[in-house]
């Protein structure tokens, strides 16, 4: 296809990654008044084209860049590139409208461009150093998005986000170095070598932070609620997926040794799925609820990854399922975030707010896996992959997945409850915002029709997908009614980012210990200063000795002694 | 044999002179002691000259003695002059604390 | 004396002679002094470029002068020496520009400053081009002497105290180095630097002595390379004017020590022989301790230049760490960090100088929101800070990457831990600065700010261009690491010549 | 006396001794032209020494048999490497100090108007004594030259005519006389035992030991080695600047030179390794003690005087390194090179101190703030010379310290290597202690009186000379080692 | 001497403690004993040198061996010795105040003046004889010079020579001795002879010439030394106010 348009693969991949950088740089230059910030949003176009047009397996080698960086596309890469670029593009368009009134728009889009370039680079990168470089660029740039509003919560969220990003970077650096020591830098030929377990742990932890794996998820709820809506959409939709992509790239799926890691992934995924929902229900801020829902969905995806680790056969089915699920979650979560943004802006009762409500409910249902929606297809693919898992696990998971759907539905109910009670917004969201939102909602909702028609539409499948939804809806209704009557449930408020409080205390403790060590060490460096009194005494003694030596009598006497001394010494030595 | 006696006396005088130079505190006594030591050395030299009975006693030590005497005289004169100058300078109350010169 | 013998000496003279002339220039002849300064710097750059091209094509440049009984003053240009020579001549050109603007209205004598400044560059080039230990010792001590007047240039009691401490450490180190070199020469006779080391054949009777000599050499060089127990002078010497602390304590003096360690390990002992002697591991451990200690101390410094100083203490030990690990990759990482750290650290000091000169701010706590007043300076500062942390695509990442890979190839897994800890600590003391600079609102009217810059630029162009240039250099040497004639490419050339023969 | 006896050689040696005497007599007669005659005389003497050096390089050690009588009877003046080296450095320093003195002495208020003009004859007599001493090859001749040098130095030291200067000069005179007396007694003993006055190996009878003891003690006293150094600091600190330069740079070295000749030639067979360590131990003590006192000194010239006491310690390290097992020739070469380097550096430092004294009116170190601003050239000279004193490259002092260190390490003498390096550290301490005051920036400090340019020029040229010595070390080392006794401790007879 | 400098040489020299004196006595005793022992064990002197002197005496131009050694064989020593004397006198002149001697001297004593008028010619005659006899019997320049000096001093004390001390021609007199010695030394050198190598024939004459010049120079030097000292202490407080800083 690309030959048709006459663009060589190198230029397209370079443009996909380079254009956002250039736009961001243009924004940063002093003469930034004249450059329209929206330009950055459209910078995602070459990436979208690349997703559609680039044949798989093409790799562009940039010998001079970093350590001979390689950009290219493969099967999973294409899917990721498709939804990532789409999300960045649509969120960007939405953002121009959403931030029209914001004074520091240029700075937002500067960081937005950098993060976009990093994210697209991560998807396209084929070599370790390139992947790591773009991953770092994306992470640090996202900081700018999180602290955009500048109020104290945003700064606190930013600080926590940054700390975890740095920890992640370092873990990744060490992990990748361990991998690199084994073979060449290219990702392609990674699978072969035996990966030391330490490297596996570091890599999983490094990408786990980004993907919101359980103990390391604390930054997600804080960052999402602090960031402006388009940023949260992109954060939740595309950037977390980079962590997932990292797992897919670097964890050697086929290697036998990694089979032992499979159960860990599945367990972590399951825990994340349910814990996140529990914590999410107690939240009072809609975006935080959505954040917790992302953690839960990523938990499900982690289960998918865990299954594909078990055996190559499972991997054959598991990987596409994971990719599909990620795609669907990206669009659905993005749509939800944008919907929340629209509802907060749109005046209640108008035709626009009713349309927004409808869209929100549709996206929520799709996320929960309602039949005839994209969610159902994704969940079905996941269920099919789970079937291939070894016997013990398969049964447990069969039970687990529907429950997860139930949990998600309850969480969506909670979201609807909060949105209903929200403060009335004013003003009319611009047309651009509506179009972008609808463009994002469509694939989430209609994914079913793109999938093979037969097994999705069979009644059994619809039935199987329907009952968890019904149960979840019932539970939500009960909670809603109870909630109306008494405020008690709501008051059990889990602080956003729950365990982060514990981490903060831990870090303060470490800082104080380090300070103590440093001060004692500086004391250790030899202080040459003798006590003042001792120095004065020795100086006085030296002066007295000198004046004695100076006196004639003593020096005369010493002369005689030297004469006698030399004589005797020579005599007995001779 | 008598040469040896004079040599020993010369040595003793030299030692005595050394003691005087070192132990005597007034400056003048030091200069005198220095002259005694000098004469001790000269006596020793002359005694050495006498040990040899070539047609005449060995002239070289005698020449050395002559030279030594002249040097001793000039040194003593300079020493005395410095002593006078020192007494004169320190009698006069020192005006400016001229540290340098 | 063909041209080949003449080139190394002439490079040295391009700064010795102008230095002597500048001393004579009366204070008010500013134009003459500036032109002499810049002319010397440009001439030096050209000659060094010529040498780079020559050494690239296996050309031998060497100057031999009889020094004393059987000793020779040798200036030889091999690949390693050209690396430091190129770095110092480029950075010296930039810093001369910066110093001319920085000392514009300083009451102290500028002729004296620039005189010693040029002498200092000639001693650094001497160190770079030294062909044997004696010549290295000679220029090593000359560097101490020519930097003392620069450290005490301001003449305030604080700079006097700093000068005293600086002297106590460096002269003490120099004495140890002298003892070691004399002892080695007594043992083996005068030896030139040769790739792969020369001391193997003296191993049998003198192995024990060679070990002690090695540690004496490292102690002597460690003072200037600011290894842990001997680093006390570096933070103190920060009272010197910004160009001095930028150039000397981030590039010249500190690099002399590190370069010395590299020379001793590779060209005197030889990496294999040093490993057999078992002296490499203690060196690596000492370097690691310095890396962590320097970073931890940097955390608690509120004075910007002091924090940068402690960061230098930590960063320079990467080079020693690289030298302490057997294997081409670690060597590559250590040596290329010689260039990268220089580029990044000099940018940081330039920016610190700009902020001190332009707004009179010295403490980090009072740097809130100055990103708005000094956009370009602070952008350069941020770039360099990210480089320090080791974030790709900056140059710092490249050296850390190869150090890590080299350590693993040599089976020294613990080095990864050290690198990780140091990156974390770097982030811990650099990111808060960036956070205060960019994201905190400026507090009240800028304190004791100099005359607010009327024109478009935040500060004179001669103060702004240097940090920008060096920041870009740091970025490109990271981004275009594998390009032709990039620092990494050149270091690969050195390593190939070192390990292959 | 084999060897090509070219008449030309005698002329140079005779000129080296006779020309200063002639100049002195001329100055006594033509008193008003003293200064001009002084500088002219210096050039003539320097020319003679240069000619001698040329002969030495061409034909090896030269000699002049005074009066035509062969050595046991007459006196022979021998010009070998060390002698010519010392005469050369004396000439060089004499020239520059002379030029400096023409400007320094004119307004000397303290002495009577004609007093300063008599500086010149005294200096010429001192110079004649020094040259005769270097070239002497006869014990009694050495005694007389020692006396000439001693008395002339005392006369010069007292020239400032202040109470402190006269008292110090008197002490110096008594010390010098005591030393000469002991030396004379030693010569008498040697003559009594051997019957000749030449520097030949002496029998190992107790007389030899007595002579060794007396002569060595006398010379130690005159060279102010550690326990017997009391007289040097007041004498050198209170003398006028050019005189202090001459005393510290040259006169102290003259008596050491005599001791070097005696121990390496006359008494060599008597000196076992143990005896050789005696001066070594005293030397180490001198280095440490001198440096400590220099650190505590309150006045600049006092600091420099104590630095001389310390540097004299370095000289005496040659005995343990040269005689006790170590090979002789490198140790000789090292110590002679050290003498040259130290002489140039010490003269430069004293002249710079003189400039400070004249410009500031005092030399209290604590109050010398802003010296570097006001006297940049002198302070630069002080710094360069200080570097050579400390022994840091690229100075001559460094090469000397390196040679001594190499000799010590080859002989496996760890103590002395440590002392050498430690001494360098202490020297840095006291040299840069002064600089920490001089570098202080004092905005409005004004000088009491301006300095003629040649005063600062001389100090600078001497300092640069000590630096150049470091760079051109090889030819000078070769010259210094011509005619040295070859073998080690045995120390065969005098020069061939 | 007040403590002008922190280590004043003056008073410290006078401080003497009994302990130091006893130690000094002990050391001196040891040196004396050592020397005596050494002298005792002196080997029989190989009288090579005296025999050589005797052998070359006829060629030396004088018959008195001591004068031959002094002025021919070891003439350099004598030249330097003269230099020492002149040097001491020069130093004396440099250190004392340039005032006319007359002011410093006490009024002449008539008895002394009369005695001097008798004594002067005799002294000059004796000095001349001493100078002449030196060639073949003990005597010579130094003895003659000292007699002359004594005469000079007597003259100064009695007849109050006007400005003898500070007169213009004292320094030239001082320079006479070494100058003549050098002149002769250089004159004879050349033509195959080395410095101070007198031709055999004219050795005696040359030695006499040198001796007479030396005698005058020694007389001047010794007299100068005495008179410089004289000016110092004898000057009464009235005679010469301290004047400017001395």
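To keep things simple, chains are lettered A, B, C, D and E as they appear, and every chain counts its residues starting from 1.
Note that a contact is a pair of C-beta atoms (placed from the backbone, for glycine too) under 8 Å apart; a residue touches a chain by one contact, two chains touch by 3 or more.
Everything numeric in this text was worked out from a predicted model, so none of it was measured.
Undergrad: Hey, what chains does subunit B share as contacts with subunit E?
TA: A, D
Undergrad: Treat touching chains as neighbours and tell me the shortest step distance from subunit B to subunit C.
TA: Tracing touching chains, the least step count from subunit B to subunit C comes to 2.
Undergrad: Can you tell me the least number of steps between subunit A and subunit E, where a step is a move to a chain it touches?
TA: Each step joins two touching chains, and the minimum needed here is 1.
Undergrad: Central chain, going by Cα centroids?
TA: Chain nearest the overall C-alpha centroid, as shown: C.
Undergrad: Report the chain whose mean Cα position is at the greatest distance from that of subunit E.
TA: Computed centres place A farthest from subunit E.
Undergrad: In terms of CA centroid distance, which chain is the most far removed from subunit D?
TA: The most distant chain relative to subunit D turns out to be A.
Undergrad: State, to the nearest whole Å, the distance from the C-alpha centre of subunit C to the C-alpha centre of subunit D.
TA: The mean C-alpha positions of subunit C and subunit D differ by 43 Å.
Undergrad: When the centre of a chain is set as the mean of its C-alpha atoms, what distance in Å lies between subunit D and subunit E?
TA: 28
Undergrad: Whole-Å distance, subunit A centre to subunit C centre, using C-alpha means?
TA: 37
Undergrad: Quick check: how many Å separate the C-alpha centres of subunit A and subunit B?
TA: Going by mean C-alpha positions, subunit A sits 100 Å from subunit B.
Undergrad: Multi-chain contacts in subunit E: which residues touch at least two other chains?
TA: Subunit E, residues with two or more chain partners: 1-2, 4, 6-7, 9-10, 13, 15-16, 20, 24, 27-28, 31, 34-35, 39, 42, 45, 47, 49, 53, 74, 77, 81, 84, 87-88, 91, 95, 245-246.
Undergrad: Which positions in subunit A are in touch with at least two other chains?
TA: Correct list: 546, 550-554, 556-557, 559-560, 563-564, 567.
Undergrad: Among the residues of subunit D, which are close enough to touch at least two other chains?
TA: 110, 140, 144, 147, 151, 154-155, 158, 161-163, 166-167, 170-171, 174, 178, 185, 192, 206, 209-210, 213, 230-231, 233-234, 238
Undergrad: Pairs of chains that touch, anyone?
TA: A-B, A-C, A-D, A-E, B-D, B-E, C-D, D-E
Undergrad: For subunit C, which residues count as touching subunit D in their complex?
TA: Where subunit C meets subunit D, its residues are 23, 66-69, 71, 107-109, 112, 137-139, 141-142, 144-145, 148-149, 152, 154-157, 160, 163-164, 167, 171-172, 174-176, 178-179, 182-183, 185-186.
Undergrad: Once bound in the complex, which stretches of subunit A touch subunit C?
TA: 28, 30, 63-68, 129, 132-133, 136-137, 140, 147, 150, 155, 158-159, 162, 166-167, 169-171, 173-174, 177-178, 180-181, 198, 511, 514-515, 517-519, 521-522, 525-526, 528
Undergrad: How about subunit C: which of its residues touch subunit A in the complex?
TA: Touch residues, subunit C against subunit A: 168, 229, 232, 293, 296-297, 299-300, 375, 379, 386, 389-393, 397-398, 400-401, 404-405, 408-409, 413, 416-417, 419-420, 423-424, 427-428, 431, 435, 439, 441, 456, 478-483.
Undergrad: Spell out the part of subunit D that touches subunit A in their complex, as residue ranges.
TA: That would be residues 171, 174-175, 178, 182, 204, 206, 209-210, 212-214, 216-217, 220-221, 227-231, 233-234, 270-272, 274-275, 278, 292-293, 296 of subunit D.
Undergrad: Show me the residue ranges of subunit E that touch subunit D in the complex, using the header's touch definition.
TA: 1-2, 4-10, 13, 34-35, 37-39, 41-43, 45-49, 52-53, 56, 72-77, 79-81, 83-84, 86-88, 90-91, 93-95, 97-98, 171-172, 174-175, 178-179, 182, 185-186, 189-190, 192-198, 244-246
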